């Protein structure tokens, strides 16, 4: 965990299987699990301990919690004779599953120096060995259910890979020594294309996943196992369905993300000082925290700089603006005479622009995901075709997070995974430069409260009507 | 302001004009303004001063703020030579209109013993006299704009009539002397009908107001003035439009509100203690505040009682449950195997059940509005036809407050009236026993944060599918 | 309660008995009680309701709490057949006496519009009538105990007379309308004498009251009653004794209070910006609240002004500085190369300078107390002899509030009067322009936390050594 | 830093010089500095990072801050050509010295994973090498001043040795895994002597240090250097002087500390539930935090246990009670019909009982200090003569922390060391089981706010009068 890892090494370690829908469950398990540890390569023991704010968690906790997830949902119920490594972990590494018992106080995760990083790694290996045993010989186990749970666990691990990076970035940002996660060495930014608009006529559309959720135990049957190789490409979270109709008025959507350069114009035009651009809660938040720029930006004598996972870097006008709240995204859009897209508009646009088959991270070859090793959004390349809909930054939508018509939460603990958060949160779409490529699809619904900024969150504009 | 007022006296004072769409603007102005003061009859000077929580305002402030609204939006710009009575009121009684300048700190409204109640009443009369002058002879004024603004001002005053009552109720609830606003003397509750379901097939519907908003200055032209008598019945807030299409899956909606008796069953079944019934933020709120019953309920030796505007009264099982948060409404619905309706479902149902013409407060003869003098929700009478959709209690929906497709906020200060709150709020529909009858229509969108309970807010259930 | 009262009227109402040590108990009771109501003359009903901060109380509460004190400590135990007017008042108007049961939450005293002012006045009269009965015919009652409790009750009432004024001043200060309690019409300030020093040699001194505390029930015997006329002049609180020896090193003490003019020099010399002048907690407080001047000061275009009970007035350089915290007093002293006196130094100095007999408010004829009607500290008159040790402003000392050697708290509820606060508080000495003249003596120990500023608190300097 | 260290090894490492007044400055420097690192032996890297509450600091921070102290006060001004290792450390490791510039926010010390532990150790060694150079050849340096500063730095380091232990204990106490700092293996507790009283007649006493403080630069002259070997035994902090007279009434003081067994009786007698035993702020604190026992105590099925540096251990009735606040100490004393001693009483008693020469830690052979390796207070051995006045637990006094008569803070940064905290703090005396033996003397004044409990703080009683 101490030697730096080149990008090629990462891809090799991955064995190509992240991109392979035909991967066997165990290989896929090993590949995703080891990627988590690969992401820890640049860390020293001290880096694993800190919780820089209640919303974030120590890296150590991410490593252990994802392991707890497999232990609790797969090994304990399905591997005969399995015994948890340490009984206290049941509480220590339970995030928010009331169904699974008590939880150690979230805001105090950074007060625990023990278990040590080494002990947490031991815990991972302990669980990995038993997962190997479980997956190697499913025997008379309910294969469909196990593979369904496995898929949830792997997607869950991927979510925490991203969170671990965003949390490390936040922690390092508070340190006046400006620690660097990995040096950033991209080619110089190129000039990028003018923002154009894609228009869509009013219509009744189907949105949401067509997949019968593999998420719900009660839906899992062994027939799915017969086609287990395809499990990963078919996966969707419960909250992405049911597929249903929405009537969408004519709209247009921007051909690319908003850049730092455009955002600087907003700032220069006193965007943070003009109440009429802001939602009421947004304006109050701006006043309370004295926001004057995106998170991580600081104005120095030689211009605006930004804390990144590659250290403190000058702001590049061509790069997508990042680490803005919904409030800032919404105010920017208003300033620009536009608005944010609804999640239905976003999904309709992506399905039509990228094609239903192409609208998943694994096929968006030129999109900027975590495996690309930038850990930072990139300017849209002139020749790019994906329009930055996938990767780079999560895109705030105008939609509050709520259930789709006909949605029913899964029974059991996974009922708490998504459904209890359908309140006071806003939908973001498309994944980011910190998201694993195989984790994203066009129906994917991420959600955060409107004021948060430490995720890689940016802006895409929309407008009423098709335009010309 | 000290003599109690019987309901007949109120109706007389009202001159019948609240129910008359043909009322002349000035009459209508006088009628609504004097009703505000009628509502103050039971108060003593001390009652006008207190702000019992930051969400509430002193009665004195409501009286002055609504007056400020007319002064600022109508008299200052449109009555030549008008001078504000006291220059400090511009700041003191501005609620949240940044466009109109600074505001006295909201949470400190209860720290001001001056101006006195008498001075505030003087302020009201000063503005009333000048409004009379303005309305008596519109002369060469832009009549359409003035009448449009008048209508907004009157609807605004009606909103504050309701808020004044809910704020007084909250203040009295904190007083161990149990002050009574007005004694409650209703006939004993009758047994009420079983809860039944109205089913609706999936369909594409139009919802929202057909009225071109009279709210926006830029839309106001003098042609509206030509039919000024009808202005009030045609009024709608900006957020109720544009009229637009939504696809609504098949659903059914309950034939009446949930009663205290039904809610007591939820409580008896440990509804407040079962995490699986609650949204995450709701569960946290329940823990933080130790909620175990609706607001104002207290368990005494001889059973549950509730603080009401008629004093402390035993809970009547037949009465609609009231003063619950969205979280409680949602948890109750989940416990009952149901859910809350979306605002589109609610509006579709009301339009079909009551008929588009009937779905306004003024025609819902047997609905329980503020003029009925109960100030408390009533059991559904056996012979009633309105199904409690209007009046009694505001009904929490499952819909977050957001703009309708194609919505654009009005220019000027009224742009702040509704649109900047489209965030972190939940829609409630239908009006309450504290709402003026002429204020409500089926397209009316009320909104509050999901945790609030001091409004008269209750529960109506919905389910997927038509049933049967 | 609405007509303004001239100073002569006040003195007449007082019947001279405040200054008469020979007053009979009932006369004294009536005189002090009616003075409380006289102080309310300038108020309207709304003014009685507000609690402007948790440290302050509504005027209504002061009126009722002092009444509750007589009811609870005298009438209930000693007047046969007495019944409290309203059972809830036992809790509502108990301040902090755990011995006497539950208390209504202190910070919510301003949320109670009822009982009305009129009802509180009725409560006062109800108790006054019964006190009259009790005092008119002590019969076989334990006279010593009753007269001792009476004396405590009257001193308690006087303390609340002062607090009521400081609380009203604070409330009015938050109101942009600048309400005036009573117009201030003093002669123009005169130039005042240079600050000189009184030196004292090192010595062992007796300090504290020689009075066997009439405060403690267990000390009260009827022999005291035999000389009841003198009761008032002999009274001292429990915390003023026992009389005991302290060794005081040589010191000198300033001949007058620090003036606004001198304090302005401190401000001009960046006194609030120089950390080295401040105690650590003081510096933190200055940063947290952004203090830049005493409480109630505001800088306007035409210079510094101060909110007073006479309205907003320009700062007069000759007047004693007022409404400073201990932190400011201490920082000022450090800036001046001096320090604050210990309470022993203060008491030793006053005893020697004014003489033991003269060191009580009643004999300090030219000191500025509440009956003088200024409600504001006055410049030291050239001919004055008292050196402002009594009246004008409370003088912060360097002494933490603690018990004198051999002190034992009284048994019963009065044990809570003073002793439980001997922690985290600082001693102030000498009384203020809001203190009743008959309330003060040289052994009197007032105490407040070091950060408070809403009392009439000012600065007197001391230094090590006799000087010269 | 990983191998456990036996007590003999510690003493050896110490080279005996901690106990030797004849130690040369460099030896003394090396001995005390290396002892800090010895105390870290049981830690892993993760343990150094956490800040478990704002009052505590990460171990890493203690290691660096004490180093910064030498760098800033000695090397930068006195070692020609010295350059700080890393410029950011000036701010990062400044605790509260405004004179020395900005400080990193105290409450965020636990958010810094970097510098790593290894880097902090490098920093220590860097400074140690330069200190060696400075001390090895004082040459023409102002020896007196340097040696005086050295002594302050070493005493400062010793204070942080104790704080590091108390902070680690607090951090481990929050961890459900109950980490052990060092296993505790004491002989079983013996029965201890009855509590007796030492009586003292009323008298005028001298208290405070006779040492002309070596703390103040302006007092330092080279003549002190002439006897530099004795520097350590003569050291006193500025706040321990000037020596001065106090008149102390007759009193008696307990012959030993209060034990757990005695404290359990207080608890069993509802000590935490009886308001009359508590100071007002204490009672509020008890309610707010729900205190029912000393810090670190927990009631389990098989009795009360306590978190210690040796892990979770059963409560031993014979051991001194520890980790109580002043409020608890005061309430206990009141319950026992006693009181806490004033700091003058404590010092007078110790000087007479132990003898002026013996009243320093280095001569109290059987007192329990940190070098004894228990890290926990011990029952008073039957044959012990010191009465636990030194070591075991800090003893709360009844005295607020204030300056002695004639005290003047030193010029420069050291003026901030003690004097700016003379407010809102209470004096504790005598040192604890976590204090270095050579750090304590009878005039030593420790101070903490009255509510804190994480220091090793306990109870000694006193009473008025000599007793029989």
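As written, the chain order gives the labels A, B, C and D, with residue 1 at the start of each chain.
Please note the rule applied: contacts are C-beta pairs under 8 Å (C-beta built on N, C-alpha and C of every residue); 3 or more make two chains touch, one makes a residue touch a chain.
Quick caveat: nothing in here was measured; it's all calculated off a predicted structure.
Set against the C-alpha centre of chain C, every other chain centre is closer than that of A. Centre-to-centre separation between chain A and chain C, using Cα means, comes to 63 Å. Separating the centre of chain A from that of chain D, both taken as means of CA atoms, is a distance of 49 Å.
Put simply, the C-alpha centre of chain A and that of chain B have 40 angstrom between them.
Not a single residue in chain C touches at least two other chains.
Each chain pair that touches appears in this list: A-B, A-D, B-C, C-D. Those residues of chain A that touch chain D in the shared complex are 44-50, 52, 60, 88, 91-92, 104, 108, 110-117, 171-172, 174-177, 179. Against chain C, in their complex, chain D makes its touches with residues 96, 98-99, 204, 244-247, 249, 275-276, 278-283, 326, 398-400, 402-403, 405-406, 415-416, 420-424, 450, 464.
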